[in-house]
Each structure stands twice: as C-alpha cells, then as structure tokens.
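You will see subunit A twice below: alongside subunit B first, and alongside subunit C after that.
Entry: the complex of A and B
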C-alpha cells in the first residue's frame, strides 16, 4: 500500500471527527497500517466547518497533514468547495447527495453520491448515523478498510447504547453501494 | 473488586490521541492527583484523568480556574502524591505565579501546556508554538524549570513518564510543552509492560532533624517529607533557610537558596538534556526543531537528500535546559542553521546566542490558523540559503 490521504468534511455536530476516528482506528488497529489522524474544528461546538484528516501508509508517517488527497468525503457544499482543490484529479469524491448538489465535472474523478441522511432517517431511524452510512459506502467503494475492521472499530469506541444502530449503518451503507453499482453495471 | 494494579499500565498497542497518551503516561508514572480546568486543546487530558484516576485509586478535582488548579497540585505534592495539571496558553498564563512558588519551594509537579494560537484567547482550536519563552521565563525571578517537547502521541506517553521522574528527582516543576497538532493527533502508541517502565520516586528524609530545603551540595537535591508524617514543616515562597525559616533580608541566605535551585538544574543539564540527532557530521546546512514542526523537518530532510543535500538536524526533546553543546557543535559544522517554529521567532534567539559567530541563524516562521510549516516550505528555505552561500 502506498500513502493514502483522506479528508472528511462537514459541519460541526455531524460526527465528522468521530467518522475519521473510526476509519483511522479500523486501519491502524485491525489492518495494521501506519495511520495518523488529525482534526480541525471551530471554537463553537456546532455549526462551523469541521474536518478530519487521515493518512494511511505502510511506513512511518512524518508530516501529519493532508496535502493532496486521494479521497474526499463531503457532507457539506461549503466543505466540498473549500477542499476540492486538495483532491487529486483522479481521486474519489464521495458526497452526501441531499447536502451537496453542485458536483464538479472532472473527467478522471470517481464520484459517488450517497443519500446518507435519508438512509439514516428512514431505514435506521436516527439521523445521527448518517456519518457512518457514508464512510461505510466510501470504505467499500475505495477499498481502504474492510467492513469487518470498520465494525470492530465502531464496537471499540461507540457507546453501547448507540452501538447497534451504528453497526446497522455500516450494513446499510454497503447495501446502498451494492445496489448503486449494480444499477451502473459495475462489479461490487 | 477492581485490581487497581492491573489498571495502572495499559500494556499493549493502542490507537490514542496525544492528550490521552499523556494522561496514560501520567498514570503509568504513578500520578494519583490531577486538578484542572478544561480548555481546548488540553480538555481531553482533563476528561481522561477524570475517568481514569478513580480506577487506580487516584483523585481528580475540577477546580474553579487555573490558579486554583496549580495550587491544588502543589498542595497534593506536599501531601505525598505525584500530581499534574494540564492547560493551554490562557490557563498557563494564570499558573505562572504558582509555578514560581513550586520552583522556590522545590515542589515536584508536572504542568502540561498544549499550545494554541495566542496571545490571549487567540484561536482556541488551532496549533501554535508560541509559549517557548513563557515556559522558560513566565514566572518572575531567577529560576530553572525543565521543559520537554514531544512530537507524537508515543512521546506524549513516554515523555510524561520522564517528566514525573525528572520532577521527583530534581524537586522541580516540569513542563510538557506540546501543541494542538500533537495533543489532538491520533496515532499508534505502544505501552510496555510495567516492569519495563522506569519510575523514580522522591527521596524522603531519614530523620525529623534533616533539613529539607538545603544542607546538600550544589548539584544534590534535599529530601522531601510529606505533610502528616510528623515533620515540623515550614513551606514558604519567601526566601528561607535550609529548615524553611523565612529570611527575607539576609543576602547570603537568598544567594545560597536561589543559586542552589538554579544550579541543581544547570549543573545537571547534561543528564537532563535529551535530543535526537540526524547527520550533523557531514551536513551542508543545519536545522534545530521541536514539537510538531520536527515532523515536517524529517520529510524535508528526505526531500533534500534526493537532491544531494545533507541536512544536519537537532531535534529537541528537552527545550529547557537548552542543549547548548550539541547546537554549538552543529554551528561549527555548517554555515547556516534554520529554526522552523510556529511563532514569530522565539527558539531562534536561543540558537543564535549559542551559535555565536559560527553560523548564520534564521527562523522559518508561520503563525495563524494552526497551519503547520510544510516539508516543501522548509526545503525551499534550505535551497535558498545554500544558493546564497554559493554566491
């Protein structure tokens, strides 16, 4: 594995930092990779831009910040606008499709829209797990970590009362990806 | 019943945030008292101590502010516990007077400053390295403290243990000067088995008549009794003799006391100083770095190497006492020394002082928004200075 850089961006309160922690832990502890995760948020508890940065590699990581990312997971239009310049031309853009409408037209870009909030609300019954729905779909789409590692990381860090709906969010995210790829006639 | 011994050292591999690793390092070192007031980006240390200390039989107190926090820590230390507090710039400013009290009363304690953008409340959630001189000279009067600078969650664990050991050994406040990047960064941390962790505990007096504020050689440390053990103890921030009696006009007593509390650090500096050194023998140019910025330097060195440039690097794990000998050695080997730091110039002046006429010293400064100095920015400065030499 070469160096993979990931940015997850959204608004404070969406669980962007937690989503980053889960992805990072899954890769570090359950897939034995070198991982650095940093985060950035405003002084206010909710409502300002929030960002999670993850770098994965087989060898030691020094500079801990993302410069050109392979994967951008956007949960807000502003976030996409701000961090799109950081995304590689042939990178992966995964976005929440009710919040991010204006999608850049770049030839080599691999894009995936996920109705994460709709799935979280209607199928799982809790809007809070939209972050997990989208990272589960993204993880499978880009093959950065396995479903199993994600679930183990969730079991480690999500409080027990919320654990089951978070694990269900992983299943639903992957289920969505499967149907979307089938529609597009792509292998799952 | 919980076996408190089992929970002291969480041996194994973890994926921890720097702040959590710091709290775990403290507990592994035997810290059993924490008093603090939450502040970004150090709140996670406070939060983790609140959760963990009761599990190991320790005491956590959330105080009304940072002045009270450091006061409680000093009191707990005299009560015989290893004690710590954690804060950031604004809280660190409030603690300064009592850090001086801890220096003067020779009270072992650990103070963690996770630096953020200042002055004042600045940018609360963003990283900076602007408290380098405050850590050294924040409190008034002649004094010496020890300041450690970790650059990873692993070192947040390791250096917190070392901070406690040094503070117990030298009876001095030890400051862990980290920054938001390191405090909030998540990375793997390996915790060794308890028997592999070296722990030092303060020396106790052997009799009630033994002086506890002197009566020893310049590089030696007097023993420290515990309140409640029966020792007739006088503890004061005013100048005192070896038994603790106030002597607020006698010049000799003051000279003796303050020279000793300064020299116990200065004359033991070589034992305290801990640096990481990369290729200084055949260096074309030098860098002195600390904290999160040193991680950019590692990558810059690799990038420079690909272009045939050898960069000599001294990375400070202890900032104070300042590692004069090794920095002077670097200055003798190269014409230029760069000092990247996330402030408008602090450590650079210390490097300049030590380098003297041997090398030109230049800061690479960057402030605001928590933006790190990148490896590419360091590389371009390296090349700019090497070109200058060619002319």
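Entry: the complex of A and C
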C-alpha cells in the first residue's frame, strides 16, 4: 500500500470523529500501518459540519495533512460539496444515499451509495450506528482495512454497552455491499 | 486568546491521546474555541513515543499544523528531547518529574515539574490517571481551559467506571499546582 488519504464528512452528532478513530486504530494497531488522524472541533462540533481526516501509509508519514484524498465518505450533501474538490479524479466516493442526492458526474470516479441510516434504523434498530454501517461498506469497497481489523478496533474503542450493535453494523454494512456488487455483477 | 498550540508527548499507554482529546473537547465544546486535534498512531501507538497536538483559537484555524508551540507537556525524556525544538523560547514546559530529569536551561521558559505518576499512584491509587493529573496542572498553570471545562469534557469522554478517579485526578493536579505556587510565593 502506498499512502492513502481519507476524508469523512457529515453533520455533528453523526459520529464522524468516532468513525475516523476506528479506521485509524484498525489500520495502525491491527494492520501495522503508520496513521495520522486529525479532527476539527469548534463551530463544527457544535452541530454543523463535522470532519475527520485519516492518512495511512506503510512508511513513516512525512506530510501529515491531507492533500488530494483517495476516499471521500460523505454523510451529508454539504460535506460532499465542500470536500469534493479534494477528491482525486479517480478516487472513491462513498455517500449516505438518503442525504446525498446530488452526485457528481465524473467518468473515473468510483461511487457507492449506502442507505446507512435506513439500515441502522430498520435492521439494527439504532440510527446512531449509521456511521459504522457506512465505514464498513467503504472499508470493504476500497480494501483499506479488513473486516476483522475494523471489529477489533470497535471492540477496543466503543463502550461495552454499545459494542454489539456496532459489531452488527459492520456485518450489515458488508452484507449491503455484497448484495449491491452482486446486483451489478461485480466480484465481492 | 490568540492561537495557542500545544504538544503532549509521552510513551504509548500513558494516555497522551486521551489527554489531547479531553483538552480539545474542553476548549471546543465548553469554551467555544475552534480546535484542531491531531494524533499519530503506528510505530508510536505500538509502544514507543506517543504524541498529540492541539491548536486552539477564537477564530477559524487556517493552518492546522503545529509550527512553534506555546505549551509542551512532556511525560518522557525522549519526548522532551524530540519536541523541545518546537517550543517557543518563552513557552511553557510542563513535565513529569520522575521521568524527565534533564531540563533545558532557557531563561525565558516557564517550567513546571509535576510528580503526576506519584500523585496518581499514591494519592488516587491508579497510575493510569497520571495523564489527567498533569494536564489539569498544565491547564491551570497556563490558563488554557478552566477546571470546570476539563471536568465536563472528562465526564463526556471517559467511561463511567473510570470517571470518578479521573475527576479526582483533576482536583489533585490543581491542588499540587496550588501548593507549588504557594511555595514559590506566586499567586494561584
């Protein structure tokens, strides 16, 4: 793996920062990568936009700021609009289907819409884990970290009372991806 | 407040990243600052050096990388050595007294040694909260966030089972600072 840069954006309260911490830990501790993870708080933490950046590399990270990202996970339309300019032309765009409607038409972009909030609410019974549903689908779609590393990081970070539904959210995110790829006749 | 840049360094397992998250949340949510917080994982998370950077500002933060820092909190001698070049000449150096022995002689530097591990172990009964003892003393010494904001951030972030000893660690850190300042005939 060369350097991979990821931006997760959404609205405060969606768990964007937690999602970033989980991905960072999965990569650093369970896949032996060098990881730098940055989050902004402030106006953002108080209910508007929330953002987390993760840089992963096999080697030491010299420039710890995201330049052009490989993966943009957008949980809000505003977030997509604001950070799309930072996504590489042939990057991966993963978005929350119910909130992000205006998808850019770029030939080389790989896109995946995930109904993460719907899955979290209807299948798992808790809207709060939509962040995990979407990062699980994104992780498998882009091969950044394995399902197993993701689950181990969740077990480390998430409080015990919430652990099981978060682990179920990983399963459901991957299950969704599987069915979506099958529909499109793509290998899983 | 103008822009304040803080680096916390120590050894993996000392809770450097958690300390950074607590300071960031205290400033962002309870003191209405703009905050960017960065942590590195990797070789660092696997047991050697650990580092957390926090930038606080009243205004939007344009350059989110620490340049010269105002406050260096060093929980290890190695960490001090590595990050001292980034500390402003008239900055604040707060260090763990039992592990950092070689203190730079710089005229304008404001220094504070804290026996945080000893206080955590002997007074609170848990070595794990040395990180909170030291950031509480540092926060009061440098006036970056109030005791109250620090406690509210801890209540939000720390799991319930550990909450009380972490809150006690804030009290003990501040109590230590008070007695140290009194010894030196300085106002608290």
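By definition in this document, the second predicted complex is superposed on the first by the 184 of 188 C-alpha atoms of A that agree within 3 Å, B and C clash if a C-alpha of one lies under 4 Å from a C-alpha of the other, contacts with A are read in each partner's own complex, and residues count from 1 in each chain.
We adopt the following convention: contacts are C-beta pairs under 8 Å (C-beta built on N, C-alpha and C of every residue); 3 or more make two chains touch, one makes a residue touch a chain.
Because the structure is a prediction, the values reported are computed rather than measured.
Because the two structures share subunit A, they can be overlaid on it, and in that overlay subunit B clashes with subunit C. Of the two partner chains, both subunit B and subunit C are touched by A:36. By the touch criterion stated above, A:104 is placed in contact with neither subunit B nor subunit C.
By the touch criterion defined above, A:25 lies against subunit B and subunit C together after alignment on the C-alpha atoms of chain A. By the document's definition of touching, of the two partners only subunit C reaches A:159; subunit B does not. Of the two partner chains, subunit B is the only one that A:62 touches; subunit C does not reach it.
24-25, 28-29, 34-43, 64-65 are the residues of subunit A that lie in the contact sets of both subunit B and subunit C, per the superposition on chain A. Put simply, subunit B touches subunit A in their complex at residues 13, 15, 40, 123-126, 181, 184-188, 292, 295-296, 298-299, 370, 372, 374-375. Across the complex, subunit C meets subunit A through its residues 24-25, 27-29, 33-43, 45-46, 60-61, 64-65, 159. Touching subunit B in their complex are the following residues of subunit A: 21, 24-25, 28-29, 34-43, 62-65, 67.
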